[in-house]
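Letters A, B, C and D name the chains as they come in the text, with residue numbers starting at 1 for each one.
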């Protein structure tokens, strides 16, 4: 499947998880979660509030940097997205570095708000566009945030969900097999009994993505928005 | 955890009026109210009295004024938690004073920074906030729910004040927009209270067509719709108290109230006239 | 001494205590402290910042009701004023009520911010315009805020200061004697060895009071401002 | 207590420029800096580098970006306390990464809400703030200064984060007035940091003649002069990062920096060109 096709599958898979929520926030440098959230908003007839950090037009925060965190603690933030330089079989993420955390052999950008949001936001969706064995590992070197039952990981190859403390395969994207996924994943996993194929975006979704979603994405993610418009 | 979870946010009221706002404040609710200088929705208070609300637990932000005195005199109030209650330059709140003497209202005595601290704890989703000062005041003895603890980071003791999570903030402001964003300017205690409260209901002088969040000059003084559950347009909705930047308080009327309400009969005459007003 | 004369002596006595400070705040219903603070500002060539609560024009607070208290805790508030329905020999004030605090025989307005500000603001000046034995008592029925060494009480008759735990007479206003003061005061007190007469406002003060101070007072205290203008 | 006490507020700088602002930041000071999206005074950072500042202890609000990377590359920095450090879409902060590998900068790892909590504790004059969440992260093991305590008001445990009191907040904003009031709009983390810091120094795009506190629409987004110790007019003072509502970041320049600064030589070439710029 071409890269743009995989992206659209990821966006649709995430957007479907956001249906019925009230308030979804998206951190910096997260174009796929941003597109998925804006798609969920468009599908909900704007009943989902979307806060895109770093956006002047799609953020409803007026109380400074702390507001996102206070909002989460108040129970007013239903979903947030995290990436993870490492993500492990339990759903834990590592945003800090490899090796000794006091002197990592490789350091990532930092923990940001993940240690807090991961425990306070009911729906934290993990997202990686480069499903591979170095990223998806048996055990993270540093627990920026621990895993949690029900947490989902959406990659460019499949959707995992934590059940009984470990990721299970929920759906695989078109073109993937259980074998191709095992080869690309650094941890062992079971597939859910009903694991099927990730549903591709339908025509309504595709037209919303090309139209209002792409338009809303232009401010913060112009290149990504242009690709959405090309379809 | 089921997916998706039920939303933690209450439904937004559709097409609210002061009457439907008052109807959305159930008997027994804890209700945060501003002092007379900071955005009082008297027009909704009137509807609360008309519908004979009962058992309200008022929380002052951090004081209470005319709104509380009217509700107390009309028998709507069970308890008040406040740093003070008065009618500004018109002095003692007369209906409160009568209810207090009759034992009809329970007073939870507080101090301004303790109420701000309790609301801040609620805003941050923590059980309590440490508070400087206050220890040494007899007030601490009146609050068995407050705790004194050794400061874990310094010598000395700290007062720990539990979170205050009002069911509802009711206020009046100058402007809102069609999306439900509420402009409160520098009356930032209303934003704190909106963050801390489960619901926020407001009346405004006018609903404007432009998006208050689109321009940072306006956004800086705006409570986002995210926190606001119902807004009704109600010009002059704070009267007879004033609204900063819009109109002054009606001093003659406030003094007339303070005078009349010294007796139950005088209070009822004033109230009936007011209920007949609009 | 006529009432207006006493007021001017009080204002001058307070203003002299505020010289050299950076930030003075005045609570509600405090015309004499407000006039004194504005006078101190005028005398300092505007180097004193004055925050009058309830004023739109003379308040520099933009963070809501909590800011005054946060500001005090930060060490950014040098002086504040308290009254007290009762004030006792130790400098303690009672703003709550007489008798049992759970069921006072008479209740005042409430504690406001006094329990906090009295301990955090370095210069809290107590102020009463009705020096009498019911107000100035040996022991308050309820300690809204305890006394503190060096705390001053400015009344319409004299200035007291707490030294070694009790008020001593610092100066008496023109027309008062030690005897007249003892008769009007509900607690026993010593006079400081150097106790003299409270200095009346000089001509500079009087002209500032009639001019810029009265003008600045008009917003919040129109009647008081008119009296200042009459001189 | 002597009367009057010496003022707790520092002197306001008279007629400041970015050069005098930089001179007012002593070596070894703890210096709060905004992330690239929230008001960076690059024009003062340049003067700090020109005067060869040393031993600065940077605090991210709550992250750090280009300002920190330039200061670190120029050898001005001893420690950083931050939730993250990066150049936005230009990725890893290259001078920081080199200094980290060489052990030239000490990193105090944090997370956004812990920094906000530490500043809030300082704002409120308390030794610490309880913080929800975070427990369960290995980050707690990296912070011996944080404490875990039983929640005195609920079952479970709370993280206690000590106050963060920066010596100086340095920022850039759109407007100030002649009285020293600083308009920061919705960038409210700057107001929190100004309250928490001993001094606030700022550059602005323009100094306006009208009083920013006179109109509540402006006042709502204004840090009062009370907290501000020096303001210098410096148009385009945030470049090459952007200023919300004024100008975007210079993406080409940021990417050129990210590329060049991968080596010490490249960094120095970029720095010298920049120091020669203005």
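Note that contacts are C-beta pairs under 8 Å (C-beta built on N, C-alpha and C of every residue); 3 or more make two chains touch, one makes a residue touch a chain.
Everything numeric here is computed off the predicted structure, so don't read it as measured data.
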item	value
Minimum number of chain-to-chain contact steps, subunit A to subunit D	1
Common touching chains of subunit B and subunit A	D
Chain whose average C-alpha position is farthest from subunit D's own	C
Euclidean distance of C-alpha centroids - subunit A vs subunit C, Å	60
Centre-to-centre distance between subunit D and subunit C (centres being mean Cα positions), rounded to whole Å	39
Mean-CA-position distance for subunit C and subunit B (Å)	30
Geometric centre distance via CA averages, subunit D-subunit B, whole Å	36
Residue numbers of subunit B (touch at least two other chains)	120, 124-126, 131-132, 186, 188, 191, 216, 219-221, 244-245
Interface hub residues of subunit C, defined as touching at least two other chains	56, 61-63, 69, 73, 120
Category of the chain touch graph - line, ring, star, complete, other	other
Set of all touching chain pairs, with the criterion as stated earlier	A-B, A-D, B-C, B-D, C-D
Parts of subunit C lying in touch with subunit D, wherever the complex brings them together	17-23, 49, 56-57, 60-63, 69-76, 78, 120, 122-123, 149-150
Subunit D residues within the subunit B interface of the complex	117, 120, 124-132, 147, 149, 151-154, 158, 160, 162-163, 185-186, 188, 216-221, 244-245
Subunit C-touching residues of subunit B, taken from the complex the two chains share	37-38, 61-63, 82-86, 88-89, 92, 97, 100, 103, 109-114, 116, 120, 131-139, 141-142, 186-192, 244-245
Residue numbers on subunit B that touch subunit A, as the complex places them	1, 3-5, 7-9, 122-126, 181, 191, 195-196, 213-214, 216, 219-227
Touching residues (chain side subunit A, partner subunit D) in the complex	28-29, 54, 56, 61-69, 73, 95-96, 101-102, 107, 109-120, 142-146
